[in-house]
């Protein structure tokens, strides 16, 4: 065991914690209308509570526990943290306590379903949300984490590379978000009234905290305070910088002014795209990855969404789905053994890494999409996914949470 | 000396710093009325300034300095940080510079009086607050810290266990809070007008930052990046998750909807309860501790307070007092030597740890309560504790701080 | 290489990141009028993007690359991070990957131009800001960083001490801020209408996050988790506490009430002043440095600015310029070899360190001021620095960023 | 001239503005108010203390100054576009307007109003 | 019919609403305003620059449309519940109300008002 | 007595308040509103979706109750101090005021107004 590595993964865990609350909560919360902000904060907060419990009780075991044989799912041997103690687990991280690896991964399991909130914001019933989230994490996230990261997982065995969760976290949540928002339908008056972000400073605060926490997400995934962490840290930072700037420049060219919402959105897209790649590519190529993700996500959000007319309220698919797919492919293009000997060479470095990446990008969305469709149908039949029209008009804060975010007269 | 341990305690210090400002400041600040938010922020901010100075000048020496003989108080040998340098002090932390231990502890001395602010919010004179806080820290906190944590402290000698401050921080501040708010009386129009939280997103931001910083508070108290820190980290996280969820469920059952204020409050209660226990209990028992603290604190806040009618404005006693008492007792029930060899076995593991815990729970509130009563009388006679009615009506921001939080017309 | 040192510098980098966004962004953003808050957030955010790219592409090489001979500037050998890899660079930090040192320094290069924003807030054209910032960082910051910190830099060779950037960061930005705001002229209606801070809680949030991040800034500059870091951490904390308290007391005495804006401003001034000194002075002297900087900056902001009538909107010069100058001189007075053997003895310890400090304090402002003047003239002729009167009246959010911070009717 | 004050449901604002424009009444002043009417409030809960939300509900207030000929078109436009048929749809109040002045030109009366 | 505008101290709102209800006037519209009256403002200090708070103080504005019979009860209810006896208690202004329309039903006049 | 409602550009507020004071009209109630007038809105862009800002622009509303003699001075003070000559300068509306009551003293009429 190594205290420096342990310190780094512990603090990285804290950083990833901060990505969901307050990071994502405020990033999303600022974008909705005043009457729905608490519903967003509550969803993020309660995901933190519920999924953390799910994780220690059985989720971690399903994801990282001893493979049940076919590379599909882990066994329940580690349920309730049995055998998960102070000693390192050499399969995952040889220099830190096993418990530290477990809790670091817990934060990934929490943020993934939280990302989906952006798609169905302002119209989902809280009870349905809670049930859906628990089922989705168990039946979509846990298996996917096992496939890609678990010992014996089939995508891992295939040689698929996903440093910090491009597939596991972003593609899975982004694609599920798309399916959900299509099934759920648009918000009332969508496109008739303008839906303005009620508090953009909150969104910038949340965006900055996402960037802040993402250093733990990506560089923490090196599971030690070493050269690999350094590379992941640097590539993360400059891919993000490049993407934030690019988005602002696109807006400037298209609409005459760069917005801070655009720069922030671009930065988040950059963070998403570099996530699978950060431990495999060099910093200069990270810049390309960042520039291109801004272009792709801008197109998805400003052009494709407008054309197709689905109501992905806060662009969970447009940013995380599209960004995650691009990042996973980019890993197949730009990965270098020179950066990470445990990695592989991508297309541009004469290697064959593109193929496993494409397989992951083909299979994961299919799996996530179909499962989400099934879960939606089940929960909708059981509880009903959407709030009544009247509640949507009054706002979810008062109708789902029985509280109001701000006082008006004082 | 060990760089990994040092890095972990340094960053933990930063995390605990963030608990007071901005964490607690915003947690409390969002809950008061618009006209009083700056008074809360100012009280939290100035506590950080004043108690940090008190600590290096003499507070640290009183708390952790060489015992004066009876286990009651430390001597002044370390006043002005004399002999507190780069070399480790083996009595407290053998692998990190003594100065790092000292500054880590400084953040605990800061947050403890800050917690009390919640009880007397919206009606205390700033000058009286300042004098009271300085006296209270010197005459209540410093001795208590010595009793429980100082070498030679009598509670420590007795075998009392308090990993990160259940007694020292939470019981002491919570009980003092109760005494203070009873002596001070209720706010004008209490229960006649509804006092709505003026900005719940701020409260959620603060609550999330408390959780964030508490990782440093609890896991940092292991004073190294080791298995013990890992255990404290994990138990802290899931006790909190369990408590946040439980509170939300109670509300759902009682009032038909779970609120984000409830989930946040429950989480803070969970953090409080696990504080003394986190380094001694295993993760599964942490879940029980978390569930039960939500029940106890909910009863205190929603039932007992309503019955007895005291105006603990932001529930400093209901959450910190009650939660701290439960956590200290729970340590006596669930502690295991299997988790921490330096600890002891609690009732449920065949040990006798419950008795020292009960003694602490008996003596500390008595001491804190009586001292607070005396200090109140002294400061009230000298300066007057409460603002004039007119100032309370106009609001403390304008009358105590000469500034307004938000512009109205622009 | 040392994992503990690496972990500490990595997390310090994250902390310094948080100083610019969300720290400084909210500190400044809360102080402007409602119609300009996004322009501030955007400027801080885009500086993070643009200067991070500048840094990896050529800025780092100019600042820290092999000296070109005269101690004036680094060569371009390290442009695009060539030769900057996982291996430590013994000249700068022997125990951490070179890349980690590079990215830690990147955050300093980002925040420095961001500090200047305070001076020209509410009236600068965004395009002009962007061009100016890029030029200023390249032509002022990079050389200065080389002079003071680069191997072969002439101020470094002279024996000038600047632990974490008193000269490089604060004097340079503060003086440039003064020159800029004088050249740009006052805001419309300055001193006719009262300009109230539109959201002081945001300012306190930002101020608290600055303090939070500054632990990384100063203690991280030890480049390891060691005694030196411990000393820098402690001196930083108590100089800040002393300065925040002092400012509040001055206000109390002058105007009858201490404000939270005052305490926060004082704390920031304390952070600035201790920056060059933190690794060379002992904690007790840090208190003096903190008390005095509050006095000096208060005078600058409340008396001198009012007298001379320039419109340094958010007091970038009054706090960073004045505080940085005092801190640099104070280093020459209070530095001790007993604290840091690699340092020197200041005037009060019988050494001659005051002279190199005074030379730095003489030359750096001159250089920064003249360069800023030239750059202003160039960019003003080319693009125009100031927005049209009409845009200033409507607000920069709508006219420069095409978005509004808050909704009004919902 | 008349001064029309209308209180409507917030989510109807855009439709009402559109309807007014369609009858050549583009000029209007809008603000947020709280109204206590026949509509029931929603219960709020803060730390286990439930309370009727005081039945003060968010409404949007429109103020429209018009010449006599435009009064009935305005009333019609508002009632039609703001109606949902549920309690809480709001009210229109009509006051006499003695004089109107356009600040920019100092024009007065019927000319200034448009 | 009359249109009553009352400006009161914010902390008196709940009492005034209660008093109005007691005299059968439940319907009312409320908003926040700033008022400059005879009451003195509190000094504010920002970075050492003190300034009179411009004496613009927060007030609450009530708007109440009533039939003639209810005018005096309303005035009495407000004055009694809003009075503290200190400068700044506020004012009541009464305007003529020409017409009232309930949006939901298109009822007019005295029937619509309640 | 008259009840004057004036809508002005927000950045003109201080000047207008000063001008009113200069003609002995210190008492006034102020609030923020959004106005749709002849002035064009600025385009806003959210994630690549540009939209006309609905041309609802921030304005400040003044309400001033005065005795007849003060009507013209008030109008003059406002028009002169609020004018920039650009579209969007705003309007003044004058309504009849039937009664005024000072809450503190229960005074009525012309005495209560000042």
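In order of appearance the chains are A, B, C, D, E and F, and numbering begins at 1 in each one.
In the analysis below, contacts are C-beta pairs under 8 Å (C-beta built on N, C-alpha and C of every residue); 3 or more make two chains touch, one makes a residue touch a chain.
Predicted, not measured: the structure shown is a model, and the values here were computed from it.
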Co-neighbours of subunit C and subunit F resolve to A, B, D, E
Please identify each chain that touches subunit A as well as subunit C.
B, D, E, F
More C-beta contacts across A-D or across C-D?
A-D
Between subunit A and subunit E, what distance separates the C-alpha centroids? Give it in angstrom.
50
Per the centroid of Cα atoms for each chain, what is the distance between subunit A and subunit F, given in Å?
50
Need the CA-centroid distance for the pair subunit D / subunit F, whole Å please.
18
Multi-chain contacts in subunit A: which residues touch at least two other chains?
2-5, 7-8, 11, 194, 196-197, 199, 255-257, 259, 261, 402-404, 408-410
Provide the list of subunit D residues touching at least two other chains, using ranges where the numbers run on.
13-14, 30-32, 34, 43-46, 50, 54, 56, 58, 95-96
What graph shape do the protein chains here make by touch: line, ring, star, complete or other?
complete
Contact residues on subunit C for subunit F in the complex?
188-189, 192-194, 393-394, 398-399, 402-404, 408-409
Per the touch rule, the subunit A residues reaching subunit E in their complex are 408-410
Using the touch definition from the top, list the residues of subunit F that touch subunit C in their complex.
9, 11, 13-15, 32, 34, 42-46, 50, 53, 56, 58
Considering the complex alone, what residue numbers of subunit B touch subunit C?
1-8, 10-11, 13-14, 17-18, 21-22, 25-26, 29, 37-38, 41-42, 45-46, 48-50, 52-53, 56, 80-81, 85-87, 97, 99-100, 102-103, 106, 126, 199, 202, 400-407, 410
For subunit E, which residues are in contact with subunit A within the complex?
10, 13, 30-32, 58, 60
